[in-house]
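Labels run A, B and C following the written order; every chain starts at residue 1.
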Amino acid sequence: MKPLLKVSRLSKRYGNGCLFCANENGAGLVGNQCPHCKSVFACRDVSFDLFPDEVLGIVGESGSGKSTLVRLLHFEEEATGGEVFLNASTGEEKSQNVLALGPFAKRQLRNRKFGIVYQNPQMGLRMDVSAGGNVAEKLLAAGWRNVGLIRERAGELLKKTEIPLSRMDEAPRNFSGGMQQRVQIAKALSNKPRILLLDEVTTGLDLSVQARVLDLIKNLQRELKLSALVVSHDLGVIRLLCHRTIVMRYGRVVESGLTDQILEDPQHPYTQLLVSSRL
Amino acid sequence: MLKATNLSKSFVLHALDKKQIDAFRKVSFELAPARFLGIRGISGSGKSSILKCIYRTYLPTEGTINYHSRRGVLNLADLPEQQILALRREEIGFVSQFLHVLPRVSALDLVAEPLWSQGVPLPQAKKRAKELLGYLNIPPALYDAYPANFSGGEQQRINIARAVIWNPRLLLLDEPTASLDEGSVKRVISLLRELKNAGTAMIGIFHDTAVMDSIADDIYHIKPVSHET
Amino acid sequence: MPIVEKSKKQTRQILYNFAFLDDVAKREIRRKILKAVAVPGYQVPFGSREMPIARGWGTGGLQITLSLIEPSDTLKVIDQGCDYSVNAVNIKKFVQAVTGVRITTDTTEATLIQTRHRIPEEPMTEDQILVLQVPYPEALREVEPSEQKTRAMHAEGDYGRMWLFLYEDIIHYGEVRLSYRYPVLVNNKYIMDPSPIPRWDVPKLNMARTLFLFGAGREKRIYAVPPYTSVEPLQFEDHPFRVESFAGKRCERCGAEDTYLDEIIAEDGVTRHYYCSDTSFCDKRRRT
């Protein structure tokens, strides 16, 4: 089986770097930062594969580079190194380093292949545009020009995510956190993405609401045959959703493996600490 | 069907000054199709760890586990993760004492799901799930309830039903009847026997010797690793 | 600098170039116009000059007019359809003073027409140019405040948000509420602000025989719709673009039923009167 997404030595440095940190590729850093020029190495040589229908977990302490990684893959940030290959297993495209594409092609790819859900709904939703409009945006960008059909599709997605249709024309500003998250999910699914990027989607929600959101994601993932990248602090979430998991620290991948193996037989000292501190 | 050779597992605990714990050492055994291999040994001798190594929840430290899959002979000890995941989907099942499930999935859906994943239409899968739950004495009132809140015994029976429903080629059982009453245990055993007769090979751990003897064709005795090191 | 009107005819020719602008300025503006024509609907930045009228009063259109005008041209200037508003008259006076060209109010007679907020009712030809004054050249400004971002949106054809804006209007109000500056897609590529013309005039831009030039002085942008270019108002299949309806109304001066009408409320505050917005066309019809 061919990976859907192949990430190879992906790196992101905030700051210009200096003689001390540039060549060593971060060897002399304090945590993820250069002590001389204060550049932050948010992601360092991150490599992994994401397979069709696979859910890959990303865990790691705060600041380890998880969100940066997601933003790099969603073309919201420019990588400072590395390559990303998107290899549609359907054979519709040749493998290509998508980071080398121009802005237009990147946006097309983002609109067609990716869906993203942010921890903070403010990032993912236009709070003053109706819930239906939020879901419709990518359809409009993709050339849908029939209000009736757009509403039908947006309605379907909102129904799937358990937003009452009676609230479709309301702005999500006044929705509860769980509802906003579900509108985000509906929006992320609108373009029938191949890859879903979920960054801490349940953090900050009540336990029962968390459960509903998790359920929803799991069911959608299976029903729609999506691949997903799930960033979470919560190892319980990771256990429930992810087939495999990678562990990040100071911008690097320190360990990767089957999720149950990572949780029950962690190899790296840092992973052992992470897993045991949960108990 | 499965042959473990010189299999060992040890844990390195970094927080404890890289202390090494040997779960089991140099274990070898063989399993034929449609046979049940029981593992017996005192607490802490490494029984659960062996099953977890086969399922690859644990990474074996040394040795090989040659498994005759539909795709040919594969060494589970160092098989790439994607292939392990495929085997877990298609051939190898695991029943533990504990249930790790989504909080809001109904018992019926949970049990039907593995069969549905094999490509059986959902109504049929649910029908079979109902039969199994009924056979295992789960009251119909619980079919639509969420097993996340079930009692330990109920959860175990859900686990068994989930494993049995899809006829895996190899089934690993870690104390699947630990908190069941006698009547339920009998029913579980007869389900497992049916499955075995249909061709499934099994490796199982049962706390209760009598239960073990009622199903096991062979027994592997494991001696605890002495911890003088 | 001496004021044009006060100087004697001979001295004026020494003090000023023909059409006020110096050659460098004209050359730059003409180049920018050529670029605008080559890329229909694309906003070309230009070095907007100080004009002896205030910015926001048509300096963008005026600079285009002055850089194109020749002694043989016949000029018409209108403001919201009217040839005699103070603004139109001032511009006319100024251009005539610095060029000496013939001035007309007849659309068919003019070779060059500068206008604010209307396109004349009478069809124009390949031999004419219409210069439109533009206060806000960026059609996407409503949805994106940053100039850098709107430029990127144009470059990438990233128009989802503009469509979303229209969609929201339709679901909340049943229709797109824009009555002026209705966004159009030019040549299937760029979304363009057609300047504050009423919807009535928007279809006149499509596949027209005339060259339309748009000038925004304050915002320093020139853009163009060349002849025979497709210009489509943004619309949904099930909510098509519609122009204003004057069904059952007619111009009280010339009787026209097929023109854009201005509505005037009488002093009693109740009675409404309707007159052609294009005054010279109205006059013409009354004469014949």
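What we mean here is this: a residue touches a chain if its C-beta (ideal position, glycine included) is under 8 Å from a C-beta of that chain, and two chains touch if they have at least 3 such contacts.
Remember, it's a predicted structure, so these values are computed and weren't measured experimentally.
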Central subunit by CA centre of mass proxy: A
Farthest chain relative to chain B (centres taken as mean CA coordinates): C
Averaged-CA centre spacing for the pair chain C and chain A, given as whole angstrom: 47
Distance between the centres, which are taken as Cα means, of chain C and chain B, whole angstrom: 78
Between chain A and chain B, centroid-to-centroid distance (C-alpha), Å: 33
Residue ranges of chain A touching chain C (in the complex, touch as defined): 103-104, 107, 111, 126, 129-130, 132-133, 136-138, 140-141, 145-148, 150-151, 169
Complex contacts: residues of chain C adjacent to chain A: 152, 155-161, 163-164, 167-168, 170-172, 235-239
Chain B to chain A touching residues, read off their complex: 11-15, 52, 56-59, 81-82, 84-85, 100-105
Complex contact set, residues of chain A against chain B: 1, 51, 54, 211-212, 214-215, 218, 239-240, 243-244, 257-258, 260-261, 264-265, 267-269, 272-273, 276
